[in-house]
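Okay, so chain A shows up in both of these, paired with chain B first and chain C after.
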Partner chain A sequence: MRFESLIFQLLVGLSTAMLYWIVSVGLTFTFGVTRVLNFAHGSFYMLGAYFTLALHSLTGNFVLSVVGASLLVGTVGVLCERGLIRFSYLLPVPFQLVLTFGLVLVFEDVVRFFWGTVPKMMPSLGIGTVKMMGRRFPLFSFYLIAIGCLIGFFLYLLINRTKWGMMIRAMISDYELATATGINPEVLYATAFFLGSFLAGLGGALSLPISAASPGMGEHIIIYSFIVTVMGGLGNIKGAFVSSLIIGVAEGIGALYFADLTMAIPYLVLAAILVVKPEGIFGEV
Partner chain B sequence: MKFDVRKTAPFALFALFVFLFPLFGGKYGTFLMARIGILSLYAVAFNVLFGYGGLLSFGHALFFSGAAYGLGIALLVLDWPLWTGLLIGLLVTFLFALVAGFLSLRHKEIHFAMVTLALSMLFWGIVMKWRHVTGGEDGLAGISRGMSVRAFYYLSWTVIFVSMAVVYRILSSDFGLLLRGVRENDLRVLFSGHSVRRVRMIAFVFSALFTGVAGILWTLLDGAVTPAVSHWSFSAVPVIATLIGGPQSFAGPIVGTFVYVLAEDYITKYTMYWQIFLGLVILAIVLFFRGGIVGIVYDRILSRFVSGGEE
Partner chain C sequence: MMPERENILTVERLKAFYGKSQILFDVDLSVGKGEIVALIGRNGVGKTTTLMSIMGMVEKRDCRILFEGEDITERKPYQIARMGLTFIPDRGGVFPNLTVEENFALSLREGYFTPDYVFEHFPQVRGLLKRKGGQLSGGERRLVGISRGLLTNPRLLVIDEPSEGLAPAIVREIAGVLSHLKKEGLSMLITDQNLPFIMALADRIYIMDNGQIKVSGSKEELPREVIEKYLAV
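Right, the complex of A and B next:
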């Protein structure tokens, strides 16, 4: 195996890892706050991609479309939370899962209705490549890695250095005491859901230069996000980052050595980790 | 067990309906009815864990497709006779159940659902890529059931009734009581000297085995195995059917499967957007009718006539 190929696959793995991270941190964060594991998170990812396509054909500006689409998806997320999901907070877990699964079915058909079933490609952005060690590397992968790290940094600041983050942490660690001090949980639920859905939409938008948008893309990413979330420990943001990296890199490198197993690699990694640490790498929050 | 007319009469009527159905149902109707029966067994087996054990598995497609592929591979790839295929199918499901049970039963609630989901998708990933054995995306076609659709209809409904009777017997035994005890309060069951883990594991294996029986019947009816039966969306079928019918009763999953399959068959004749109806129905059930159809019928109508008893 040539060394450049290894580096190339590592880069591909890292950039997909960042995509998994952006989406799954949204999932794990909303879970941490609301205790509902949202199947429709994958649908928000899909909506992010389709909204970006629509906005891009209107404005012609990719960055603007990505931001606009993510904000729109965040709004859709809040509407779902206020309109439906919040009524399930007190229900048993299976009902919560199935409720959000119902949302998945609805969103998938809505997308099929408006955009059809044929996968839609983004027109080329002309981002180009860089030449290193005699091989061309896509520049967008580097952008993606940078964006992923930036998001991690901002999330850290948001959660640890703002009043909003402090209220969120207070509510997670002791709901009763937090609400007794005058924190309004409804506002926090809604804003947390906005942030989580925004991240899902952002992930979908950023996936466009790599792969086409299709009605099935939400199902694919939600499974990966579940794996990442369970592997890192439910609600654990640090865990989501580490396990995204593990899954992404394992997929990228694994494609070189075990081409036949590529689709099974993430599940194998998860199974192996759960045998050793049933509660996830960093445990549940 | 006591003989109770009020309980056995609906069952006898239903059995009579199933027996006479091919006479007026037509060829497509008979096929559809066989399908409903098989999926009902799938849902009933799933509900052993969900309704009675309180464990939501999102990966039962693993056991369904494990048996289906075990059968398909034995018959088409290894060229073995039918009866060994049936044994291999059940054996594969049994082994899958042991491994999956070991890994997933250390968890409850969301974790359990996610681990079962991941394990079933692991098998899906293998099936899609291991082309020379599983046929990859195309699956394995050309499995002969060796009889007409009508004959197979009677054979499969016989198997379905017998399997359901066995499941019913297990659930109304002391073990069934223990399982419900684990659902309600596992600590108390533990304090009363039973191993919670063991109760869950036995229920898990039973549930998986009867799911495997359904998978074998399905494969013989279709004459083929495709990766679709190993995908997680197929694990969602019994979940949805059970919720439509009602998880708190034995008949719930059966009623739910009838409604689910018939509604799908009817709506897809008029529109390709069937999922949106299904999704809206699920939202309505979770928000307003958590007892499902059986729950509604029981609460609103039957409870006036029948007294006592949970089911």
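Right, the complex of A and C next:
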């Protein structure tokens, strides 16, 4: 195997890892705060892509469309949380799963209705490539890696250095004491959902230059997000980062050596890790 | 008859439920301004449930709770907390995954009790600022929990089992802290099972058994045997 191919696949792996990370950190964060595992998180990813396409055809500006679409998806997320999901917080888990799965079906039909079932490509952005070691590497992959790292840094600051983050951590560690300290949990649930859905939407938007938008894309990504989330430890942000890297890179490199197995690689990695550490890499029992 | 004392907290006919099972049966109690009131009784009689009902954390029916003359029966816990009714749960009242400093920052509300006040009167707290709440010893957690409660500048401090699980020397220290706060004019409602601790602190005592108040009165007028009978296992 040529060394450049290995580097190329590593880059591809790292950039898909960043997409997994952006989406799954949103999932694991909302789960950590609300304790509801939101199937519709994948639908938010899908909406992020379609909203970006729509905004892009209006404005012609990709960055603006990505930001606008993510904010819109964040808003959709809050509306779902305030309108439906919050009523399930005290219900048994199966009710929560049925509810959020219902949302998945609704959003898929909404997308089919407005955009049809044929996958939609983003018009080429002309981002281009860089030449290294005699091979062309897509620049967008580097952008993705940078964005993923920036988001990690931003989340770190938000959670560890702001009053909001402090309240979130307080509520996760002792709900009763948090309310007894005057913290309104409803505000935190809603804002946490905004952030989580925003990240899902952002992931969907950023997937466009790599793959077409289709009504099934949400299901594909939610499975990956579940794998990453479980592997990293439910609700654990650092875990989501590390697992995304592991899965993304394993897929990228694996494609070189076990091309027939690419579909199975994430599951095999997950299974291997859970055998060693059933609670996930950073999970607590 | 004693002259009518001004109450900061009045609980009338409190009935509390966990699901279908009723835990409290027509509990009446009051706390006067500047008073320390103790709610005592064995494990499982309903002390914690009473405090949590006052804080709006437990389902209750057909009752009325007044705080500083306002009806708080239907209010949510965070609204009650913001009115200046500060609850310190039996596990210590410190967020385990936040540093002590963050615990304070989260709780701080403007008023007489400032971080400087805390450092001046409980100097050992200063040395704990960088530690996580979960890494404190039982006594440290109590002290930090009470300091945290003070920084909310409460009108009424509600403390669940402040002496529970602490070594005798530390119990005396906590008693010292609370009686100092009483001298500052702070009103308190505490539950406990430690008789010397209660006798050192409380102005009035309510004795609870099976979810009901069995006896109540000032510390002086309650016969010691009666108190001991209800506390004995």
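By definition in this document, the second predicted complex is superposed on the first by the 283 of 285 C-alpha atoms of A that agree within 3 Å, B and C clash if a C-alpha of one lies under 4 Å from a C-alpha of the other, contacts with A are read in each partner's own complex, and residues count from 1 in each chain.
Definition applied: a residue touches a chain if its C-beta (ideal position, glycine included) is under 8 Å from a C-beta of that chain, and two chains touch if they have at least 3 such contacts.
Worth saying up front: this structure is predicted, and the values here are computed from it rather than measured.
Engineer: Taking the superposition on A as described, I'd like to know which of chain B and chain C A:Ile7 touches: first, second, both or neither.
Structural biologist: So A:Ile7 meets neither chain B nor chain C here.
Engineer: Thinking of the overlay built on chain A, is A:Phe113 touched by chain B (first), by chain C (second), by both, or by neither?
Structural biologist: first
Engineer: After superposition on the shared chain, which partner residues are touched by A:Thr179: those of chain B (first), chain C (second), both, or neither?
Structural biologist: In the superposition, A:Thr179 touches chain C alone.
Engineer: More residues of chain A are touched by which partner: chain B or chain C?
Structural biologist: Result: the larger residue contact count on chain A belongs to B.
Engineer: For A:Val104, is the partner it touches chain B (first), chain C (second), both, or none of the two (neither)?
Structural biologist: Only chain B; A:Val104 stays clear of chain C.
Engineer: With the two complexes superposed on chain A, say which partner A:Val93 touches: chain B (first), chain C (second), both, or neither.
Structural biologist: So A:Val93 only meets chain B here.
Engineer: May I ask you to decide whether A:Met166 touches chain B, chain C, both, or neither, giving the answer as first, second, both or neither?
Structural biologist: In the superposition, A:Met166 touches chain C alone.
Engineer: Per the contact definition, I'd like the list of chain C residues that touch chain A in the complex.
Structural biologist: 52, 55, 57, 76-78, 81-82, 86-87, 89, 91, 93, 95-98, 102, 105-107, 109, 152
Engineer: What part of chain A is in contact with chain C in the complex they form?
Structural biologist: 163, 166-167, 169-170, 172-174, 176-185
Engineer: Quick one: in the complex, what on chain B touches chain A?
Structural biologist: Residues 50, 56, 58, 103, 106-107, 109-111, 113-115, 117-119, 121-122, 124-126, 128-130, 232-233, 236, 239-240, 243, 272-276, 278-283, 286-287, 290 of chain B touch chain A in their complex.
Engineer: For chain A, which residues count as touching chain B in their complex?
Structural biologist: Of all residues in chain A, those touching chain B are 37, 84, 87-88, 91, 93-95, 97-99, 101-106, 108-110, 112-113, 219, 223, 226-227, 229-230, 234, 260-265, 267-268, 270-271, 274-275, 278.
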